[in-house]
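One structure coming up, written as structure tokens, with questions to follow.
Labels run A, B and C following the written order; every chain starts at residue 1.
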Amino acid sequence: MAGDDVLVRVENVVKYFPVKAGGLVRRTVGHVHAVDDVSLVIERGKTLGLVGETGSGKSTLARCVAGLLPVTSGRVIFDGHDITNLSRGAMRPLRREIQMIFQDPYSSLNPRRRVGSIIGEPFAIHKTATGAERKRRVQELMERVGLNPEHYNRFPAEFSGGQRQRIGVARALALRPKLIICDEPVSALDVSIQAQVLNLLSDLQQEYGLSYLFIAHDLEVVRHVSDKVAVMYLGRIGEAGPKDSLYGQPRHPYTVALLSAAPAADPDTAAARQRVLLTGDVPSPISPPEGCRFHPRCPKAMPLCSAEEPGLLPRAADAAADTASGAAPDPARAGALVAGGDTHLTACHFPVAAGENLAAAGSRELA
Amino acid sequence: MAIIGYLIRRLLTGIVVVWLVATAAFFLFFARPVMTVARQLAGRAATPQVINEVISNLGLNQPIMTQYWHFLDGLVHGNLGYSYFTQQSVDSMLKQDLPPTVSLVIGGMILWLLAGLSVGIISATRARSLFDRFSSVAVLVGLSMPVFVIGELLILVVFIPLNQHGITWIDTGYSGPSQGLGKFFGHMLLPWITLAAVQAAVYTRLTRGQLLDTLGEDYIRTARAKGLSERRVIFRHGVRAALTPVVSQLGVDIGQLLGGVVVVESVFGLGGLGQTSVQAVYQDNLPVIIGFVIIAALFVVVANIVVDLVYAALDPRVRIT
Amino acid sequence: MSITEVEFEARGAEEAQETSAKVEGRSQWQLTWRRLRSDKVAIAALIVVLIMIALAIAAPAFAAITHHPPNTAYPDTGEDAAGNPVGPGVNGFWLGTDGTGRDLFVRILYGARISLFVGVVTTFIASAAGVTIGLIAGYFGGIIDTMLARFTDAVLAFPYVILALALAVVFGPSLPIIMVVITFFSWAGIARIVRGQTLSIKEKEYIEAARSLGAGPFRIMFLDILPNLLAPVLVVGTLYIPQAVVFESTLSYLGLGIQPPTASWGNILADAQNFYQTSWWYVVFPALALLITTLAFNLLGDGIRDAMDPRTERVLAMRRQRRRDRKRQKAAPDGPGAALPDPVRP
């Protein structure tokens, strides 16, 4: 992976939120480990999909990359610049390059502002266009995302959910950013509309050479749009790799369980699937489990799993392939292995081998 | 136990507030050219001799911080100064003026709470009835009127005609309870009504709104379903929940109450703290004003603490924070 | 076509018309105005307010018509033998005279100028200050918010009379003094409401979106949050005007505000106390003027509040529907367009 291809590099980012107790002086009694040592890369012109349940930390991570949240430790490097915890003033010019699309089309647009003003706001903030020129460019954008430019003066309430999301896309696109972070952009839309918006995003990527960090909890959606995928659990990355490899041979038990739970359109396929049922609830991010965070729910858990945290490394067949293809095990090389790269990485001591039936193992009582 | 901690915290805050007010008052009044201050302290009729006496007595030529220190010292010892104009010490003047003010405040408060709460409760339970509509209009009128207008209208419409017909029970001016309860009530009735009218309107509206909201809650339905009598439902469950905002409104109103007291005393010639202070302004009599400001601040702080305690007793959640 | 079919057509056409009209996209203000128009009480109040304002502006004209300037005393025509004021209609004094024989009606009008001026201007300034402080406290949070919120609460609880007294002693009573006092005590209520609203609006996603675009705090506060606040601020503002009017007249009554001979409703009513026995008009007419003005503003404020509340729309729509049903009931009794049963009141 040549350095030039990498647009965003996230290095060991940690984000904790303090939990304060009441009282005369508010003391910090604990931390929510929202993001716990995550490293990944996003390549130019490519899409990195980030999957996880609620509480996995994916939205928090997205906001750290976007500079909306300060990180507790670690670095975020955008296009060669270290943007970690930059002041608002220093961050400003970079905001033109990094944009976000939000999940809820109903609350991500100010109901009291007209659509033209909403889409035109980036131009106003960064003083790149005014007056008639701004209007022209806003209308151009509206047309490009599939909205009628004559609705320039309407309020968001007069648009459907899908159209509102397009407004959000137009707003994000206004300054021709390099990176667009999509935080569950289609989760709140009807399925038929989802397809339209996803196709729009895909077209725009090709046309403008955009990079996406695409966050979702729906695996099928992620599969459709991403080049590389990373699966998050409780603030850490459990598994990551190129799309085909990850979906074809999922190695982390959590990934396997997720995939098995995704609805399949074909009833025969669905019947033939093994459902891996995870027991227990997702633990609290305030005191995550020792060792591998997934071990309390994992059907394959062994004593080692609660003792030692598994690193994000190529495992099983991937490890063999890795050593076979490249040079010998080399610390420098190992440092280059990170989520979002070309190698399929798994954080598990006992990855699932091809053909292994996890469903059978899942019927055990868990400690 | 938590309540003692709460109480201590509030007392400390209260002391700080009174100190802040006293300090602000001091600098407002004394941080001016010496002659201006001296003249105001000495009173209008003062000769240059008296003025010089004042300057030396109070050390007005000293640096301001030294004066401030003496001022605080005096306060802590309960000495509020001396009114050269009336040749009395301010504290004795204030002691004289206390009974009318206290009678007015206590009587007025009882009246408006009773009136406000009962009309509010009845209006809520008979929503949209004739009574409710009528009381809504009365409330709106009450809210719109300045206190002194109500007072003057009452005098015009009640006192004057009664007087002209020889009925002297209702009267202006103050007559203490020691001089006959009947007379006391006769003098206080109109002032109480005047003070209470506007406040009663506020509390009626507040109680009605809160009670209507509360009565719509599910747990009220449960109480009714349990078979409790309507009266029990309303009082035990509904009113208790509606009371907390009323108490917190009381805390805010304590401040406004002082304004009302000043006005009512002036309209009816009751001669309490309020009226005396207003007259002191006309007379350019600074010591009385200073005394009044500090007493008033003390009153507000103490009243707020009492209200907060009542609130904490009613709503257990408050104590924890 | 049978009667029922005609009815369906008619109803459909009506509804279609209404729906197509809705698609035009009315702004919040247009909707509010529509609702306000249908509230008869509020419109009556608005008219009264406008009349009051007109009368106040026209005060000099009335002084000219009656040939009685506001501060000129007429001891011969304006007072009776005992030196008391003359009654309404006597000697060309429309509402009678005051204690020194001045035209009461003209003075009341001049008093209206003061009251309305003070009411509107102080509310305006207080609103601007209150909105700004509330926005800053709500948006920035943290220690700024704590300090501003505590300060706001302190001001809210503070007895205004004390400050008025103190300032009057130090600076002497005057119009600027009471305007300062009234403004000082009015901004706090608005600030508290704005702060509360800002705290909840701040969490909305479109605010986060604005930040992600690079918008600075002031841009967000005034361009994104403020438009969502204007409704409650307008309601509170309208209700603060009568409060300010009452404030001013109370302070003038106590002698801490407008000083005679300048006419203010407060000081007119103060002098009227000397003439209870002899001249009821001296108390009644200024009191009425005060009462009507404040009542009108209060009713208008209530009306605006109801008009801004989208729930009112449902009530109005139900009423319209019931009216339509009743009409249809008369045209074709017990047809398919029969009136719906009365829905449970909200």
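Everything that follows uses one rule, which is that a contact is a pair of C-beta atoms (placed from the backbone, for glycine too) under 8 Å apart; a residue touches a chain by one contact, two chains touch by 3 or more.
What you are looking at is a predicted structure, and each value in this text was computed from that prediction instead of being measured.
**Q** Determine the chain that sits nearest the middle of the structure, using the mean of its CA atoms as its centre.
**A** C
**Q** Quick one: name the chains whose C-beta contact count is the highest of any pair.
**A** Result of the pairwise contact count: B-C comes out on top.
**Q** Can you work out the whole-Å distance between the CA centroids of chain A and chain C?
**A** From the centre of chain A to the centre of chain C is 52 Å.
**Q** I'd like to verify one number: the distance from the centre of chain B to the centre of chain C, where each centre is the average of its C-alpha atoms, in whole angstrom.
**A** Centre-to-centre distance between chain B and chain C: 26 Å.
**Q** How many angstrom between the C-alpha centroids of chain B and chain A?
**A** 61
**Q** Going through chain A residue by residue, note those that touch at least 2 other chains and give them in order.
**A** Not one residue of chain A touches more than one other chain, so the list is empty.
**Q** If we count contacts the way the header does, which residues on chain A are in touch with chain C in the complex?
**A** Touch residues, chain A against chain C: 66, 68, 88, 91-92, 95-96, 98-100, 102-104, 107-113, 121-122, 125-126, 154-155, 157-158, 168, 171.
**Q** Which part of chain B faces chain C closely enough to touch in the complex?
**A** Chain B reaches chain C through residues 17, 25, 28-29, 32, 40, 140-141, 143-149, 152-153, 155-156, 159-160, 164, 251-252, 254-259, 262-263, 266-267, 274, 277-278, 280-282, 284, 286, 289, 292-293, 296-297, 300, 304.
**Q** Write out the stretch or stretches of chain C touching chain A in their complex.
**A** 23, 25, 27-28, 204-206, 208-216, 219, 223-224, 227-228
**Q** Touching residues of chain C toward chain B in the complex: what are they?
**A** It comes out as residues 154, 156-162, 165-166, 168-170, 173, 242, 246, 249-250, 253-256, 266, 269, 272-273, 276-277, 280, 283-284, 287, 290-291, 294-295, 298-299.
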